[in-house]
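Structure provided below as structure tokens; questions to follow.
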Amino acid sequence: MTHNTFGHLFRVTTWGESHGPAIGAVVDGCPPGLSLTEADIQPYLDARRPGTSKYVTQRKEPDQVKILSGVFEDERTDGPRTTGHPISLMIENTDQRSKDYSEIRDRYRPGHADYTYDAKYGIRDYRGGGRSSARETASRVAAGAVARKILGEDIQIRAGLIQIGEHMVDGENWDWDEIHNNPFWCPDAKMAPIWAEYLDGLRKSGNSVGAILQVEATGVPIGWGSPVYGKLDSEIASALMSINAAKGVEIGAGFASAMATGVENADEMRMGEDGQPKFLSNHSGGILGGISNGDTIVARMAIKPTSSILTPLRSIDKDGHEVDIITKGRHDPCVGIRAAPVMEAMLACVLADAKLRDQGQVG
Amino acid sequence: MTHNTFGHLFRVTTWGESHGPAIGAVVDGCPPGLSLTEADIQPYLDARRPGTSKYVTQRKEPDQVKILSGVFEDERTDGPRTTGHPISLMIENTDQRSKDYSEIRDRYRPGHADYTYDAKYGIRDYRGGGRSSARETASRVAAGAVARKILGEDIQIRAGLIQIGEHMVDGENWDWDEIHNNPFWCPDAKMAPIWAEYLDGLRKSGNSVGAILQVEATGVPIGWGSPVYGKLDSEIASALMSINAAKGVEIGAGFASAMATGVENADEMRMGEDGQPKFLSNHSGGILGGISNGDTIVARMAIKPTSSILTPLRSIDKDGHEVDIITKGRHDPCVGIRAAPVMEAMLACVLADAKLRDQGQVG
Amino acid sequence: MTHNTFGHLFRVTTWGESHGPAIGAVVDGCPPGLSLTEADIQPYLDARRPGTSKYVTQRKEPDQVKILSGVFEDERTDGPRTTGHPISLMIENTDQRSKDYSEIRDRYRPGHADYTYDAKYGIRDYRGGGRSSARETASRVAAGAVARKILGEDIQIRAGLIQIGEHMVDGENWDWDEIHNNPFWCPDAKMAPIWAEYLDGLRKSGNSVGAILQVEATGVPIGWGSPVYGKLDSEIASALMSINAAKGVEIGAGFASAMATGVENADEMRMGEDGQPKFLSNHSGGILGGISNGDTIVARMAIKPTSSILTPLRSIDKDGHEVDIITKGRHDPCVGIRAAPVMEAMLACVLADAKLRDQGQVG
Amino acid sequence: MTHNTFGHLFRVTTWGESHGPAIGAVVDGCPPGLSLTEADIQPYLDARRPGTSKYVTQRKEPDQVKILSGVFEDERTDGPRTTGHPISLMIENTDQRSKDYSEIRDRYRPGHADYTYDAKYGIRDYRGGGRSSARETASRVAAGAVARKILGEDIQIRAGLIQIGEHMVDGENWDWDEIHNNPFWCPDAKMAPIWAEYLDGLRKSGNSVGAILQVEATGVPIGWGSPVYGKLDSEIASALMSINAAKGVEIGAGFASAMATGVENADEMRMGEDGQPKFLSNHSGGILGGISNGDTIVARMAIKPTSSILTPLRSIDKDGHEVDIITKGRHDPCVGIRAAPVMEAMLACVLADAKLRDQGQVG
């Protein structure tokens, strides 16, 4: 991962700002011959799209993806197929409300990149956060859809929110099928209305809250990931921590394993009824020695509360004057909600890259 | 980060197995003209060295580092100086006890890389874990000492254990100077004896436990790190998660920020008495938008319990037979203890790379 | 350089096929604060543009570049400025004549990528050569214009043709100002009409010819380039050899140095009248030990004859039938002519990257 | 390629100076399970070794390679096998004659890296050229031996000298088996004695001369190499141009293709008697569109005359004084002779990397 490109054999380069004409991704290294149309990508963008509920930003954009290169179709290819060459994906920005930015132009919103961008670059596109906007993640979601094509249908990747503030889902109620039945990507049907009420209250009080998300990948074969700096855990950590507002990542038992004993934490093995080795537990999150072990890959990510809130906060401006800031605008009370499809996409990209790299070295 | 190399402008490539003739690191991209001798590196290796207390592995090795290239000295250089060319560091393995490996040769120790290495590579150096051995981290520590030279003396990097099992240090007692006064890298003088007793009990019962470590870097200037996939948080997460037994990483408030509201989590700003901007809190862990903000960099890491324990565990062997395994040998009751200097080293390497990359792009 | 990205700190990723909706480049790692508008880029594209004379392909396209990201303007920035974030450049394809491709769809045109693309990828966009089209080089030219901004006005990069077939320019007549006075980028005013006549004859006979080009960069400071695999010569060789139809690259005296003695080839040094070291000759092409020495960087490149000719050639088709092929269409009698601005662009990109990397390591 | 590492999936990092304790290479990304011992590597080093004839430097060193990591052997592996982990190769420097360097310490030998290293790094290991010494190429030769293991025995890579000064081998006499029958890697038995006499004369007069080398790889399958910046030609150019004293690289017909017409240069195709496509000529050097086409890979490289000669040359010293320099010592009259095994090694490394990358993307 370096600057705006991540991945090694499956490489994604993203570009674009919140208030420019468009954003996009160039996906390089994709194997040839995969069926790929805009319709394969659009559903993931639709799921991420703002404006889908009152709990996410009200910016309204269709987020229509266009494939500009890297696929080819003729009468013999049975629909568009990847060519092995770079796939350029573009999403036009259509809802750039003209607005008065004078209030934030010179002021540093706490929790945002305003202060550090100005300090590092000496210039900053303050309209919507520029490159630091969560809008950038749409490019990742589009790239993730391509990654899923490489992984194939036997690998399923699903993310959901498991905690908002103090309200945690109950493992007993966990049902992955629920995540699209509520606006929170919540796998616990009983928790969803509690979150709804909690977030309504927060929004009314001009406040926000953080969240924890969990992503799982099933069907990943044994052998992906490369010691010692290309460990699958390391790649996942890097990918998830690059998501806006992420402050923590854990694999499998994660931080809880610090409190466990070796006996408790051990994932013992036995032969399964199918004659294949099986693990009796999955504290490892499906990764041993940096390499997938055939069990479900499990990762969690902590997302901090939305920084843009209606409560006034103390800050400074570019010239060193002390100011108070209220960030008006179309803000999510819990920015973690929109991170679920991004989390899925990033894991898909990491796994696609790991697959190709394993294939490259080990064959 | 890819396979056995990490970093971009400051790049470290490590090599070597636990039971081969030596291990080492090649450090490339180091600026020229820095004063560097083996004596600059050795203290960090000594601090990591096994056998220093009864709480860490009893393997006895001097871990003497040799600098094989990349420094030059004549009568005008005032001691050895880096040349800008690759610095090859080597540590010979001296305590490779000849031992009967027949018990683990074909059996997969739970929690180890045995099963995945065999599955991926079809071959495995089972003596001491081969490449997956914690011994590999000595190479990182050596490289970290070079990174510190690049960072200079104004940047101080310190790591300590803050939790072992359920026993957490008390923030009130936190004193960084304490970490070298006990065998646990514990900043809380009152907690150290409690850990000692707890670990004695665990060892006697043939068990082990996990730990949480915290690392801090003070003096880091504003502006290091690069959005969006080279975010400083992302690089730190990748680096720490690549350490043996790491299962979780968090920056600043980390997972706790998921439970905080936006008002609570905000790091408000004011002008300090020195005329410089200051943050009134540091939930961000010193990083905003992926870029250092001038405050202390704070990261934590969860280390799982030592997998090698004297309690028998269920497993399988290479041929699919179900077996019970006891891992005899020189094991740490809490492998997290030896991770502290490694954590410092990895943060040093990430920061040195970030410094050079910032210098490269922004000047 | 890897697949569709080249450079390290200054990185260019290109995408797009000849007959897709657009082509483009994402330029990452550009320093912030540089003045950049489409008008800075367009002249270089105009110089490369097909259809400008009867000696280059007659495809007519305006090749209008659009900057989609990475620049920002407000009332205080004195025009658009780079932000340090990725600059996305797009050029729409407007002249994709609908045409019957049945003749080349299954047949392998000698000298083209048809056979190898089909063999490697199992699929091929045969319309205009797809990704192997010389059209891809427009993306490089656009990126090169950004690179020139990084290099500043003290560094001047100029390329010209110095040989077409057996007809070589006369060093005595060399005048860089001439290259835009004829359609051949020819620095020798007397040679241009000879080439014109020669190429007219070739075209009439359905044939084509190769060329040698020379590029020079003046004003490059001492110290760019990094031993041993990032040598400036190595990076230039890689960049130039990646240009369509390139078959050879040489630096300074190049292949002629193989015939020289050490005494003849030595670039002796003296102190110049300005008090600065100067070289008495430049057989090295401005590079010593992989590092720029302050003298003019000089490189040459051999371009093979246009492969698409009207003379029938023996080939095979996808099913292994032997066929004869005439490549109809809008072809250049000497594809080397259009390579001059591409050669300039590639050298600019290599130098911009070398500048940033030197700044990163050495400061 | 970046600084001291080259390759992508098959990656080689070299380190070490002429007069340090050792030099070496870390080879990462090698597939597991390959048989590899020091005896597989040593013959290539022996072939490159100085002191083997009076035409190469008289420095006497055994150049014994040690494998420090990355292979494993037990009773079931049938000899040492690669593990998939980094292979550390080390060659100790044994003949570092203590010598008075005062004459070159502050003086810039024309044609050497002295001036640019001092200017860039502000420090220079002047003993034997430090990192710029041809001794570094021993590390490449060692790595190349590992690369050959990946390529297997069906791929044969051979390099030879084809021109020294004006004396060119006669294609009619070309016999690859001859290259080890004379001290010049000369495939033309009749040319070898002519070169011998010519070089004797040059040495006596304190002069040196350049050379052209050719390398060929037979048995390379169709499909290796990746457009557009990872073209096989581009990778080869980069690899060869990184060799000490290289000033030019060409593929196939190379610079001669600039003088050819399209009809002459076309590699027509027919079906071979074995039912496979065949090319009727090989002007392409086995590469089309950056991808191997199944024909022999052919590349040539120009090496400049040895810069260290006994004839006095004008130069300057560090303080800007004008001086005359004679470079005493153990010098080759034609440094190109020792470049042949290095050229083979670099091509082997490029091809091994290309093989793994193709396997990674296309499977």
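Just so it is clear, A, B, C and D label the chains in written order, and each chain counts residues from 1 on its own.
Please note the rule applied: a contact is a pair of C-beta atoms (placed from the backbone, for glycine too) under 8 Å apart; a residue touches a chain by one contact, two chains touch by 3 or more.
Please read all numbers here as calculations on a predicted model, not as lab measurements.
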Exercise for review: Check B-D, A-D or C-D against B-C and flag the pair whose interface repeats it, over half of the contact pairs matching by residue number.
Suggested key: A-D
Check your understanding: Which chain has its C-alpha centre farthest away from the C-alpha centre of chain C?
Key -> B
Check your understanding: How many Å are there between the centre of chain A and the centre of chain B, using C-alpha atoms for each centre?
Key -> 27
Check your understanding: Can you give the whole-Å distance between the Cα centres of chain A and chain C?
Key -> 38
Revision key, fill the gap. Cα centroid separation, chain A vs chain D, in Å, comes to 45
**Study point:** Touching two or more other chains - residue numbers and ranges from chain D
**Key:** 2-5, 8, 14, 29, 32, 84-85, 120-121, 131, 227, 362
**Study point:** Contacting residues of chain A [partner chain B, same complex]
**Key:** 1-6, 8, 14, 108, 110-113, 115-117, 119-121, 131-132, 136, 163-166, 202, 207-212, 222-223, 226-231, 233-242, 246-271, 275, 277, 280, 283-285, 288-294, 302-309, 311, 313-316, 320, 322, 336, 358, 362
Exercise for review: Spell out the residues on chain D that touch chain B in their complex, using ranges where they run on.
Suggested key: 2-5, 11, 13-17, 20-24, 26, 28-29, 32-33, 66, 68-70, 72, 74, 77, 81-88, 105, 120-125, 130-131
Check your understanding: Mind pulling up the chain C residues that touch chain B in the complex?
Key -> 8-9, 29-32, 84-85, 227, 356-357, 359-363
